[in-house]
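The following pair of complexes shares a single chain, subunit A, combined with subunit B in the former and subunit C in the latter.
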Partner chain A sequence: MTRLYHIIKYVFLITWSLFVVFPFLWALSTSFKDANAITSGARYLPWVEFKPSTIGWSSLFAGDSQGINIIDPFINSAQVTLIAAFISLVLGTLAAYGLSRYKFRAGFVKNSDITFFFISQRVMPPIVLAIPFFLMLKEINALDSILGLVIVYIALLLPIAVWVMIDFFESIPRELDEMAMIDGCTPVGAFFRVILPNSIAGLVVAGMFCLIFGWNDFFFAFILTFTETQLLPVAIVSLNSSVTPWWSLSAFALISVTPLALVAIFVERFMARGTLAGAVR
Partner chain B sequence: MLSIKKLSSSQSSLKLEGVSAKFDKGKIYTILGRTGAGKTELLRTLIGLDESDSGSIHLDDIDITHLPIRVRNMAMVYQQFINYPHLNVLENVAFPLYRQKINKNDLLKRARAALRLVGLSDFEERMPAQLSGGQQQRVAIARAIVKQARILLLDEPLANLDYKLREQLREEFPRLLHKNSDGIILYTTTEPAEAMQLGDELIVMHEGKFVAQGDPLLLFKDPPNLEVARIISDPPISIFEAVISDGKLSFMNGFRLFTNSLNGLKDGSVKVGIRPDSFELGGDIPAQVKLTEFSGSDTIVHLRLPFGDATMLLDGIQTINTDRTLKISINTKHLLIFSPQGKTISWRTN
Partner chain C sequence: MFKAKYFFLLPALLTLVAIILFPLLFTVRVSFSSWDVYQAGLDYIGGKNYLRVFEDVRFWESFARLSLMSFISVTLQYVLGFALALAVWKQVRGGRTLRVIFLIPMMTTPVVMSVIWRTIFHESLGPANDLLGVIGIDAVPWLSSSTGAFVSVLIVEVWQWTPFMFLLLFAGLVSLPREPYLAAAIDGASAWKTFWQVTFPLMGPISIGAIIIRLIEASKIMDTVYVLTSGGPGTATETPSYYIYIRGLRDFQVGYSAALSLIYLVVMIVTLTLIAKFFTRLLNGKEVG
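Presenting the complex of A and B:
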């Protein structure tokens, strides 16, 4: 029975891994093809089925006739995502702590309503927000700018941070805050000295989600920018013209997922449960 | 001196209803009550974790009712083992001293002394998660002691420990707690034996109120009412409806306990409390065994008597089959008699 279970488990895992890894392998293979290899049908193995070419990769850094500029979109995406994710995480963490620990009431509005307000921002379709955002950014002269995108991304990422962190703070026993205050901390001191150091796992998860959603967003980056402030997803898609350079596009796509993959590998150890072990028994 | 006047709180589902008391320095007060009696709510209100609805708390004539928690000069140990998971044992114990801005040498000296006191000197570098339950609670106790706060509140600190550890820490507590002779210690528990053993003075709580306060032994011997007798007795006291007529006490079914007259008792209905150790094997009362259980090295036998159910305590481990009928007698020396409303009636035999 155990043996059968293991066989089924590994068959499932290997199949699933193939589904996940195959697009990356395909993109990697394509990034080393030239136009000839691409147009002559599906080919997988370099040196065996086609002669590898570095044209896809070199075109990204050469600024050649294809006119591909990877550096600026990369820096723009990094700036917008990091700033928006950081601000969202700070504001979201503070909001989530307040909502998880204190009771608010203004008329009929209670904690659960405020939490729903945050989360509802992510429930509505993005298209609903596109025109208001466009008009607002136009009003403050922030269209096609880093500032404008940061403002919009904060609005998009804040609900994610609040959502994840509320759930995390709820899992931290209130007795820890209370004990910190008994031991001489102010309520703010209890948060910074005791709760925050024990929330690393939650912060990492929330931060990861913010980075992923911010970095991968195409819709708002496309609607709210023109030529000055192009972000990576838009830059990649803009390669898709009448003659699509699939080799460059694949290389570009692989570069764009690399930062998130590196961050994910680095923070994986924080994602494991159990960081609160020993708080309350 | 700590004094509370008509203190009420309804912050949680367990209410505190207008309790008043004075607590002298250098004493350990054990607060005994069933689960939900309001013991935890009392401690939470005293330390400021829950706001009081009315009443006042004075420490040395200073009104601290509305002071922030951190300036109340109190320490607390929870029923759960609360420690800071991101700090090692030494840092955990030193945490309150860091907040008091004590210089690092003194701070470490005091933290290490507190750890020595609870027998954890060799565990300074360990993280709380690497300790057993008993050790974690010792860390929490050391952190409470190290503050040298005027008031130390212990909320059923042994409740979540296994039997052996509980016994061990219970023996150590008097030594640990009497270190701070200037302090006042309030220790809540649901266990009468613990309350008797540790307290200089005993307070009995029931439904958010103080129902008795005084010397533990005296309260045990002469509880002021039926509720206190019930709370303070473990194993439970057996209560029977009875009638006094011409100075004679009769249970249901006409069973008479005394052949001689009772002084100080008027004719009428009463409730009679019989402690488990007042039942003895041998006699003329038929008692059907419902259940036998062991408590430490004693045997508790649950019986069905002709006039109601009773609990008997026997020395040593004794195996008695269920449904067997024993013959027992009642030692009338420590009989408790209450009015129908539950007030204790004093009496003696002719």
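Presenting the complex of A and C:
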């Protein structure tokens, strides 16, 4: 019975792992193909089933003559994601701390309503805000710019930061704040000197979520930029809708998902320690 | 004295309000106008757009489709994610590596992976049909038939987001208390019984949290559909987001698409709140009984 269970378990784990890894391996294999290797049907193993070629990878760095440019979108994506994630994390952490330690009241609005306002932004479908954002950025001359995207992405990421950090601060005992203040810290000083250094785990988790949702957003970047400030997801979709060969697409896709795939290693570390559990509830 | 509490809260609150408020109010206002390709401006036509929404069969069909899509994909994600979390919870060979592998899809950009999935589902040159051929199954018209396209979107959604369920549920399993398990072991309960009487109930709150989060995200499905099928063939995979995108940004019916998106938002909020209430009641009922 136990043996049967073990066999089923390992078959399941291996099958799922293959399913998860398959698109990446397929993309890797395709990125080394040329026209011959692709039009002759699905081929998997280089050298065995087809002769590998590096045109897929070299086409990405050949400069504008080939019409494919991965470097600029990569830098743009990195800039927008990092700046927006950083600002969201700073503002979100402050707000989360405020909401977890103080009582706010304005008419019928209480703490829980403010928290709900932040978190409820996640329910908002991007399409609802797309056209007004477009007009708003046009008004302040920020269409097709890093600045414009950063503004919009803050609205996207701030709720995530607040959501993760509130739960995290709730798990830090208030005695810690009180002790710091007895030692002569101001409330703001207590936060920066005592609470913040004890919140690294929460900050890392919140930061990772901000990076994931920032880097992977497509829709806003798609609506609010044209040619000047292309981000990676938009760049690959526009390549996909023109006649771009599979080998270039595959190489492009692999480069654009690799940075965050590496983040998985860090997430696993925090997941196993149970740091995430608090953030979930 | 300036109160410290405002130093903490106000920067974030004011930033978010400043960014969100105008677009939201603008959408409300524009939904009462006839703004389209011919007439760009804020005239006032009353509730005509809203009446049109209620008669728009294509829009409501996209809702039914989204409900079916979210129901199937979130159910699969939950069952698979839970099974994976349980399988690597206790000591497994290569556990860490497996966990990293299981997480990777949720870190990848949906549209970018959809570009790859398109090549996988390619009918004559893609590996999906090739591998099916190996086990003797006829080629499937993945992206050119209604059912095929629908299933393709589901496969990609499950691939992409099961990791998220896995992440939350595994984090939940790790933080479970030990005492109930000791008690179950002393009673000599089987693994099967222990799961249904101890693990599953203890995982109730976190399961509900995870399902609700996934339903919220699933209600916005758009990126995958855009790249994989463009809503097609016909309207076989069109979701409300995608339909509103077509009306608003392709046909440029700004006024009408604003009305559509507000109705969409309201229906989404009401539905999700009801589902959340239902789950919470289910959970409380279980604890009593």
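Methods note: the second predicted complex is superposed on the first by the 243 of 281 C-alpha atoms of A that agree within 3 Å, B and C clash if a C-alpha of one lies under 4 Å from a C-alpha of the other, contacts with A are read in each partner's own complex, and residues count from 1 in each chain.
Here, a contact is a pair of C-beta atoms (placed from the backbone, for glycine too) under 8 Å apart; a residue touches a chain by one contact, two chains touch by 3 or more.
Just so you know, these numbers come straight off a predicted model, no measurement behind them.
**Student:** Applying the document's definition of touch, where does A:138 land relative to subunit B and subunit C: first, second, both, or neither?
**Tutor:** Touch partners of A:138: none, neither subunit B nor subunit C.
**Student:** Considering only touches as defined above, state whether A:178 meets subunit B (first), subunit C (second), both or neither.
**Tutor:** Once the two structures are laid over each other on A, A:178 reaches subunit B alone.
**Student:** Between subunit B (first) and subunit C (second), which, if any, makes contact with A:186: first, second, both or neither?
**Tutor:** Both partners, subunit B and subunit C.
**Student:** If we overlay the two complexes on their shared chain A, which of subunit B and subunit C does A:110 touch? Say first, second, both or neither.
**Tutor:** In the superposition, A:110 contacts neither subunit B nor subunit C.
**Student:** By the touch definition at the top of the document, which applies to A:51: first (subunit B), second (subunit C), both, or neither?
**Tutor:** After superposition on chain A, A:51 lies in contact with neither partner.
**Student:** Touching A:95 in the superposition: subunit B (first), subunit C (second), both, neither?
**Tutor:** In the superposed model, A:95 contacts subunit C only, not subunit B.
**Student:** On the A-aligned overlay, A:198 touches which partner chain: subunit B = first, subunit C = second, or both, or neither?
**Tutor:** A:198 sits against subunit B, while subunit C stays out of touch.
**Student:** Looking at subunit A, which partner touches more of its residues: subunit C or subunit B?
**Tutor:** C
**Student:** Of all the subunit A residues, which ones make contact with subunit B and with subunit C?
**Tutor:** 186, 276-281
**Student:** Report the residues of subunit A in contact with subunit B in the complex, numbered from low to high.
**Tutor:** Per the touch definition, subunit A meets subunit B at residues 173, 175-176, 178-186, 189, 194, 197-198, 275-281.
**Student:** Quick check: in the complex, which residue numbers of subunit C touch subunit A?
**Tutor:** Residues 4-9, 11-13, 15-16, 19-20, 22-24, 26-27, 30, 80, 83-84, 87-88, 92, 96, 98-113, 115-120, 124-127, 129-131, 159, 163, 167-168, 170-172, 174-175, 191, 205-206, 209-210, 216-217, 219-220, 222-223, 226-227, 240-241, 244-245, 248-249, 254, 257-258, 261-262, 264-265, 268-269, 272 of subunit C touch subunit A in their complex.
**Student:** Touching residues of subunit B toward subunit A in the complex: what are they?
**Tutor:** Listed in rising order, the residues are 47, 49, 68-70, 74-76, 78, 80-86, 95-96, 99-100, 127-131, 133, 136, 143, 147, 160.
**Student:** For subunit A, which residues count as touching subunit C in their complex?
**Tutor:** Subunit A residues touching subunit C: 5, 9, 12-13, 16-17, 19-24, 26-27, 30, 38-39, 41-42, 44, 91-92, 94-95, 97-99, 101-102, 104, 114, 117-118, 121-133, 135-136, 151-152, 154-155, 158-159, 162, 186-188, 191, 212, 215-216, 218-219, 223, 232-233, 236-237, 240, 246, 249-250, 253, 256-257, 260-261, 263-265, 267-268, 271-274, 276-281.
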